[in-house]
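In what comes next, chain A is part of two complexes: it sits with chain B in the first one and with chain C in the second one.
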Partner chain A sequence: MSFQSLYKLVFRRNSVFIGSIFLGALVFQTTFDVGINKFWSTYNKGKLWDDVKYKLENGDTEEE
Partner chain B sequence: MLRERNVQFFSTIYIIKNYNTRINTKISPHLGKLSFKNLLNYSPNLMLWGGASVVGLFVFVEGWPLFQQTLFQRIPVVGKHWAQKHSEEN
Partner chain C sequence: MFKRQLFQSTKRFVSTTTSASSSQKSSLLSKMVTAGVAFSGLTAATLLYSDSTYSKAMTAAEHGLHAPQFDWPHNGPFNTFDHASIRRGYQVYREVCAACHSLDRVAWRNLVDVSHTTDEVKEMAAQFEYDDEPDDQGNPRKRPGKLSDYIPGPYPNEEAARAANQGALPPDLSLIVKARHGGPDYVFSLLTGYPDEPPEGVTLPAGTNYNPYFPGGAIAMGRVLFDDLVEYEDGTPATTSQMAKDVTTFLHWAAEPELDERKKYGLKAIIILSSLYLLSVWVKKFKWSAIKTRKIVFNPPNTPKRR
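Showing the complex of A and B:
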């Protein structure tokens, strides 16, 4: 996308510009949230409550 | 005859004297610089501002469970994200 078409689409009107900033923020914060959560659950696989829950409920409590 | 002409003459003068020589202008209803025509010209831009402010509101309301349940969950494709979020809490 050339700068001219970007200008026509986004920067020409201030309302569209600010609206696109807000839309970008909404999309970014959601995708960032999903991405970080996915990273966290893969990085700590086996240590999280969801992984340990069934073990503990079935009485596999070696530590306790 | 003369009397009649005189009357006519004076009556003409009388009419001329009563002519309204000012420009007949009418001020349209307005509130300061705002008028209906002004608003009509601005309406596309104002609608865009409305959309922008709604999206801006969504940014700050995204983490609010009430809005997640009533609004964000019902978005067709991406709504699953907030639905999962809420089922985890329960």
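Showing the complex of A and C:
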């Protein structure tokens, strides 16, 4: 995307510019949080409540 | 007048060391001062030395043995609690610790999706009775516990707790891990650190037990965890250290339920701030590049030759 088209799309109208900032913040925060949570649950696999719950529901004892 | 006095007094003060007329007097004074300093210094040293031969100040006996650092599963910047351990730890708390210790700041709802399912917690809460609104005649009523209720303690108030424990108050365990130096390491060491016999030469006050990790060594709580005291539902062997580890993990969670969120926010903050820092470095280089790379050329004016 050249700067020309970026200018036409985003920066030309102030209302669109402000709107794109808000939308960008929303999208970034959501994806960032999802990414961090995904990393967290991968890194802590086996220690999380979801793992305990899974074992409880499947009646699985004695397994790590 | 005042100025003159001030001047004189200043002069007198200076003269104590410089004036020849009072040198004899000042040397006597300085000898006395030196003697006084030496005397008080020697006295203090003697007292300190004699004190150190029997005193227990600043020793392991006074402050408690320093707990070793254990490799907890939740140590480290990205690690959460071992939630299976929290679940077992609640069982140990309920079956052992709850006989004396309260857990005032933890509500039943806090356990949901941490160590138990909603239905399990509802069932656990319903086994306890709470005060309800009075009926039409104004008689007090009781109702089963709800998720929003806080976990009830074993005693109605502090006096009852002291009376039941020979004057010693079992501390509330909600924040005990944060409230003790050494945190979970201390709690674990304390629970597993009871020797069979107190060491020789240790005299304990009545109703106390010896524990080297407890400051002072004499703790009112006796050893409570013994092998196979509880039976874990997930089949984990209930050794003393296993139970101590589980209950310490549970208490650490109770003291610090925000641990997950805290560590996640830390990670996010580090990522965002370091990228902003790198961005600012780039912007600085970009903005300065014109200034840094400019060339200053000096063309000397043509001066006519003199000769």
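Criterion: the second predicted complex is superposed on the first by the 53 of 64 C-alpha atoms of A that agree within 3 Å, B and C clash if a C-alpha of one lies under 4 Å from a C-alpha of the other, contacts with A are read in each partner's own complex, and residues count from 1 in each chain.
FYI, contacts are C-beta pairs under 8 Å (C-beta built on N, C-alpha and C of every residue); 3 or more make two chains touch, one makes a residue touch a chain.
None of these values were measured; they are calculated from a predicted model.
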Exercise. Of the partners chain B and chain C, which touch A:L48 in the superposed model: first, second, both, neither?
Worked result: second
For this session: Classify the contacts of A:L56 with the two partner chains as first (chain B alone), second (chain C alone), both, or neither.
Result: second
Exercise. Of the two partner chains, chain B (first) and chain C (second), which one does A:F22 touch, if any: first, second, both, or neither?
Worked result: first
For this session: Using the superposition on chain A described above, determine whether A:R13 touches chain B (first), chain C (second), both, or neither.
Result: first
For this session: State whether A:F32 touches chain B only (first), chain C only (second), both chains, or neither.
Result: second
Problem set entry | Dominant contact partner of chain A by residue count, chain C or chain B | C
Seminar exercise, completed: Contacts of chain A common to chain B and chain C in the A-superposed view none
Seminar exercise, completed: Per the touch rule, the chain A residues reaching chain C in their complex are 32-33, 36-37, 39-40, 43-44, 47-49, 51-53, 55-56, 61-62
For this session: Flag every residue of chain C that touches chain A in the complex, lowest number first.
Result: 73, 78-84, 87, 113-115, 117, 233-235, 260, 264, 267-268
Seminar exercise, completed: Given the complex, residues on chain A that touch chain B span 13, 15-16, 18-19, 22-23, 25-26, 29-30, 34
Exercise. What does chain B use to touch chain A in their complex?
Worked result: 45, 48-49, 51-52, 55-56, 58-59, 62, 78, 81
